[in-house]
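Submitted below is the structure of interest, expressed as structure tokens.
First chain written, first letter: the chains are A, B, C and D, and each begins at residue 1.
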Amino acid sequence: GEAPEENAAGGGDAPAYSTCMVTDTGGIDDKSFNASAWAGLEAAKAEASNISTKFTASNAIADYEPNLTDFAAQKCNLILAVGGLMTDATKKIAAANPNSQFAIVDAAIPDATNVYPLQFDTAQASYLAGYLAAGYSKSGTVATYGGMNIPPVTIFMDGFVDGVAKYNEVKGKSVKVLGWDKATQKGTFAEDFTSQAKGKAISDTFVGQGADVILPVAGGTGLGTAAAAAESGGKYSVIWVDSDGCEVAAQYCSAFLSTVVKSVSGGVKDAALKGSKGEKLDAAVGYKGTLENGGVSLGAYHEFDSKVPAELKAEIDQLKNDIIAGTIKVESEAAPK
Amino acid sequence: MSTTLLTVDDLAPAKYWTRERRSGAVLVVIGLLAAVGFALLAESAPARFTLGEDATGAALSIDGKLGAAVFGALTVAAGVGLLVGVARRWFTVLLVAGVLGFVLSFLCWQVAGNFLPLVGTASSSLGLAVPLILGALCGVLCERTGVVNIGIEGQLLMGAFGAALIGTMTASVWLGVLGAVTGGVLIAALLAVLAIRFLVDQVVIGTVLNLLALGVTGFLYERLMQTDAAAFNTPPRMQNLRIPVLADIPVVGPVLFDTSPLVYIALILVAVIHFGLARTRWGLRTRAVGEHPTAADTVGIRVRGTRYLNVLLGGVVAGLGGAFFTLVSTGAFGKNMTAGAGFIALAALIFGGFRPVGALLAALFFGFANTLAIYLSAIGSPVPSQFLNMLPYIATIVAVAGLVGRVRAPAADGKPYVKS
Amino acid sequence: MEPGEIHALLGENGAGKSTLMNVLYGLLQPDEGEIVVDGEPVQIKGPRDAIAAGIGMVHQHFMLVPVFDVAENVMLGAEHVRGGRLGWLDRRRARKEIKEVSERYGLRVDPDALVEDLPVGVQQRVEIIKALTRNVDLLILDEPTAVLTPQETEELLAVMRTLKASGKSIVFITHKLQEVKAIADRITVIRRGRTVGTASPESTKDELAALMVGRDVVLEVQKAPATPGEPVLEVSGLTVRDDRGTVQVAGVDLTVRAGEVLGIAGVQGNGQTELIEALMGLREIEAGTVTLAGAPMAGRSTRQVLRAGVGYVPEDRSVDGVVKEFSVAENLVLDVYDQAPYARGMVLNPERIAANAAERIEKFDVRTPSADAPVGTLSGGNQQKVIVAREMSRPLKLFIACQPTRGVDVGSIEFIHAQIVHERDVGTGVLLVSSELDEVIGLADRIAVMYRGRILAIVGPDTPVEKIGLLMAGVTEDAA
Amino acid sequence: MKVEESRRELTAGRIVTAIWSANTVTVTVLAIIAALLIGAVLIILSDPDVLATYGYFTARPTDALTASWELVSEAYANLFKGAIFDPDAASASTALRPISETLTYAAPIVFTGLAVTLAFRGGLFNIGAQGQAIMGCIAAALAGFLIPLPIGVHLVVALVAGAAGGAFWGFLPGILKARFGAHEVITSIMLNYIAALFLGWIIMQAGVHDPNRQDAISKPVESSAQLPALLGGDQRVHLGIVLAALATWGVSWLLNRSTFGFELRAVGANPDAAKTAGISVTATYALLMTVSGTLGGLGGATQVLGTGYALNPLVAANIGFDGLLVALLGRGKPWGVLWAAILFGALRAGGNRMQSYASVSLELVTVLQALIVIFIAAPALVKAIFRLRAARAARLSTSIAKGW
């Protein structure tokens, strides 16, 4: 293969460290984990001058293998595969290139010593969001919907439903959750990650049914909900997912009650920095984002800071501590094992 | 010897199983199903159809069981009407009544013990239908003049892209709309030149233009918009336009008169194209060219010129449809964001019998089926969401196969006009 | 052309009459030569120029939009509009104009009728009105009488005389010599794209015919008297609707015997097409029975009908008769391709198909560059011979020939007629449908006249033409 | 001597004229060249750095030209290296990789391309190849991991299952058209969506979903049902491409040498004449769509048994729509489809490398594909651009579909 482009900028003494990311079919700006992972690499580059970044997008599942192979051939120092669907391809290519260092977001590959897993127990954070939503709701009805009924999505919804249930249990209330039934694993899905029109239609329906807090877990489709909420003039609010809503969709900040932050970028950045310093990325340890290490969290309240009662905030903080301490267990079929 | 003109009247009895009677039989069957089945399944609780956007306010209310039975019976009645063979001109009315009865019966069952906000449902159906209406209207213009347009999808996409790009760069909604129109016309122009001048197979060229639009917008998106969204991909949003007095009419007002200007444009265009085709010189010539180009040529109509004009006009309309994606529903361009809407519009066009009003109804039907699917999943239907989301597609198949059947396309549709 | 003159253009099929007129009308561009109007040479680049120069044309194949009504068709291209650039159609004025023209020249039509609902004769009136509303000085009528009954032809000739009297010139194209003699002021004969002579109306028919064809022609069909045998086709009470649900065949009873030719005469559009399609299983039979050699046929598929020993030459060869993209060889087995020896199971046998083609081409004198040439590249007459060759290649009980010689040259006509007579003589029942009365009279042993879906009478071939003509117009004797 | 020379000149001249006349090969090659040229313009236009050098083009044109040349040549060199041959390849296995990748991408779209082509020849526009491929994927994969069977048999059963899945999905629009006159374009577009939704549902069902995975992914197909690799090692190319070539031969045979092919060609060219000759047009439509669906289903099966191994929501990628384009490019001829699919496969394989090494977006490949099809579909355009002699151009523009 060809020599990699060694743009060892800054001329620091550390050897050049090239990070190469393969997106899944969502593309580089899916407003979800691909975008977040890329942001992590860019952040790492900003911090360590010996890091260079590069990505290639996959148009189809069949592109994963050649894309990973091409990066291995270019002797990238860290090849990052984004998304659990890349598991099989990563496993195969990592085995074929035992000297390359790989990392994968949202999956773990048990026996591959050169694949560093980055996983997130998102349900923990969305549990807090559920509690927040239930506590904040005036109407006693909250809602959630997904882009597709797949584990990376439903893990948010599981935690959310449990958080609401916890609130009902603690307060003896009966706040209703529309859009997801954890027991049967059935609910409302747009079957789409891009159509904002559909997102708006779904949230309109929820609002019609009385919901005043909505958690969309549907990438771009969720923006339809955010836009409609921002236009509704405070009639209902939205809890965003993945990255802080007020940063990725600042125009709708007035509608974001909070965000279930899944800090893919943080995990990726850590891994890249670690690697660039020559530290070993130990596959057996890996990275698991939890409330404890801040890999997942309930984001800032931003414009709602003054509207969320301090008491509620305190209860949520307490819950967080309980989860970290292990006194409360958040369970989801979709959680990393 | 005198002349007697023999006439063919009251001859042998007409064939019994006419289309009317077959439809009638279908209605009776599904009506019975609804009247008995849905009524049995339905809760005996009031099904409330509220006149607002949510549970509050005035409402039409009916006991779920009763409603399911009554509306089912309505369907049966319409079916019986068709079976006993009422006059032909009542066919459409009875058919619509029958189908409506079935849908209402179904709704009574589902809504029993709950409520369905009519305004919300209607405006959401309309919202989902707008790009389809505009896309299908583009199709109407092209096909009625004899040019098959499979490339609606590409035109919508290019329109959406143009709106986002120009809208952002000029920071003006209406210049954005202009950008969308330009995008739509660009693809239309390629279609026109290649199909009319170079006689390329129209199905081929339409399909390929979709791909071209996908590639070009995707490429430029990655190169420009993704790298600098602020400069290229944050178009201003189109604000709703409230028409004072009219907007206060209950139900209809908020749906039709407090909405995006593009919705008004779409609806007005339906009327304009409908009357234009039927009543104006342009329409007469357009239809003549689409039906019998040689005949049009012999009376001095420029066949190719007419086709160019209409295909380009179609580009304008589809471009507007594209603008709806970026300027109204989304606020930014995304790769392949039309996600097949052009194909649905194509289906609506054929389903609607190549007529503007038909296309409008077909698009609304699709929007409604979509909204209904969302509603059902939101109120916790036990049916998995994937199957609920199939509803609009299955409904379209059933409607096309069961009710519409063969649709007559303009006679010269898809045939290039070559003078020897 | 002089003003107020009727100039007849004579020539056999494919002589170039239509082509010449299309050039004049701007639909085709001349390779050389010039057109002079009122002493000025003009360039006619398209029909617009022709209309501007005062030329109007009624085309051999009508140029009417079937789904438009009469008013729309007439105003098309010369619309009266209100509202300026809006171009709102002024239908009232169009109707008025149609009324005026139709009253002045005696051309009755309903402006609101849909053209596809109108009989051909009326469609032709629409065409003439369309030309007249454009204030033409020169009207070209391309074979206007081909689709008319003798009575309608008379009416048309009367209209032409009125037009002539009002100072309009007419180019009248036809094959029919007596019409020419009846009305023309001057006659030009065209053969193979050249003017071969001019004649005056005083010339005899034989002179004109010889001029047209370039040799002496035998217009009579040579045949021995028929020896009819058992009935092969018995039709009773047959009722059929067209695609639009109108009854087109209303209780028809017919019998065709082995070894005879039953001709169906009638103006196009009186249900002949639907009758034959119903017999062939191409159209649903609403009521009535059909038996072929005693076996019931109603409700059978086309394939079953064909396999039961029916040969069929459809009236519109390019639509129903041949697949133009297919080779001559393939077209020659279009209805037997899946039978031995052309196929075994699902596998075609190209050798046998080719051998069959070679034999048929030889026997039926099909002029084609090769058996593999697409049929679409053959001349019309040869395409027709391909169909006849195909349908006569298997043992038949019944041979149905619809318009077998339409648009076919004289030589081929003679050949096809001889084949039909031969088929009759070997004992096949023949059902002949033709709108050429001469052909029916020449070939048929019995003639059934069809009018508005009914058989009005069955007469012998020696019945006077005038009487058959009246029957074709729906006039029965007993109604007298 | 003299005579001989002039004769040689004559033949050389003739050859040049022959090549430069608008025959199929020349037009195809020129179409590809024209597409690459337009692609180059796009590459340059979208690179701000290179574009900047055009700002002072008049002052120092060499800058702009070199920069453009480097940009474009790097992109296209990588396209070539990724698709056909990499001259710098260190080992035999890396040298074979481009071809292996090209054929891997080509295999499923040969099937879907044939599916569309066959329907075209029968006068139907099978826009539903995507749905048929999805159903093929589902059925093949289910057979691949639910039924325990010995090696060899298992693969055959899985392929048959895939074919059956696609056949069913093709039969539906076929029968709806034959029976009710419902337009196949509408019904098959709708069926595409229904198939995709059904795929999304079935993946998550117990027994199908892989319990060890946190994603929407099914259990993998047993190795006994996978299409065996052809080259071994890490090369992905599998038996699918061989099956694809066989299918091409089969379709070609079916079209030209079978009674059904005769029927469907007759119906496609002139349904009225076919009907008059006793061919049942409706039965032909239904059967044709079923056979076409079978091919689409095999395309899906090839995809899942050859490269994907497990069901996930995007397992069928875009192979149905790619098949549509390949069919258009192949101009209704089975062998044309095979070559067109290989060309598309090469563009995809090369596109991956172009993106990875030269950072040129994969979307460029989409643009190139579209442009190539446009130019090939419009030989008159290519002729006009390159001023070709007008030999046999008429034959190049065969119409494959007829309106509605």
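Note that in this section a contact is a pair of C-beta atoms (placed from the backbone, for glycine too) under 8 Å apart; a residue touches a chain by one contact, two chains touch by 3 or more.
Every value quoted in this text rests on a predicted model; they were computed, and no experiment measured them.
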{"item": "Separation of chain B from chain A in steps, with touching chains one step apart", "value": "1"}
{"item": "Graph separation of chain A and chain C (steps between touching chains)", "value": "2"}
{"item": "Chain centroid nearest the full-protein CA centroid", "value": "B"}
{"item": "Most heavily contacting chain pair (counted by C-beta pairs in contact)", "value": "B-D"}
{"item": "Chain at maximum distance from chain A, centres defined as averaged CA atoms", "value": "C"}
{"item": "Inter-chain centre distance, chain B versus chain D - centres from mean C-alpha coordinates, in Å", "value": "31"}
{"item": "Centroid spacing, where centroids are CA-atom means, of chain A and chain D in whole angstrom", "value": "36"}
{"item": "Approximate Å spacing (C-alpha centroids) for the pair chain C, chain D", "value": "47"}
{"item": "Distance between the centres, which are taken as Cα means, of chain C and chain B, whole angstrom", "value": "43"}
{"item": "Residues of chain C touching at least two other chains", "value": "none"}
{"item": "Multi-chain contact residues (two or more partners), chain D", "value": "197, 200-201, 361"}
{"item": "Multi-chain contact residues (two or more partners), chain B", "value": "222, 384, 386, 389"}
{"item": "Pairs of chains, among all present, that meet the touch criterion", "value": "A-B, A-D, B-C, B-D, C-D"}
{"item": "Contacting residues of chain C [partner chain D, same complex]", "value": "280, 282, 301-303, 305-307, 312, 314, 319-326, 330, 334-335, 337-338, 343, 346-348, 350"}
{"item": "Complex interface listing, chain B residues touching chain C", "value": "1-8, 11-15, 279-282, 284-285, 287-288, 291-292, 294-301, 411, 419-420"}
{"item": "Sites on chain D touched by chain B in the complex", "value": "42, 46-47, 125, 127, 176, 179-183, 185-187, 189-191, 193-194, 197-198, 200-201, 321, 324-325, 328, 361, 363-371, 373-374, 377-378, 380-381, 397, 399-404"}
{"item": "Touching residues on chain D, where the partner in the complex is chain C", "value": "256-263, 265-266, 269-270, 272-280"}
{"item": "Residue ranges of chain B in contact with chain D within the complex", "value": "143, 148, 194, 198-205, 207-209, 211-212, 214-216, 218-224, 340, 343-344, 346-347, 350-351, 384, 386-387, 389-390, 393-394, 396-397, 400-402, 404-407, 409, 413-415"}
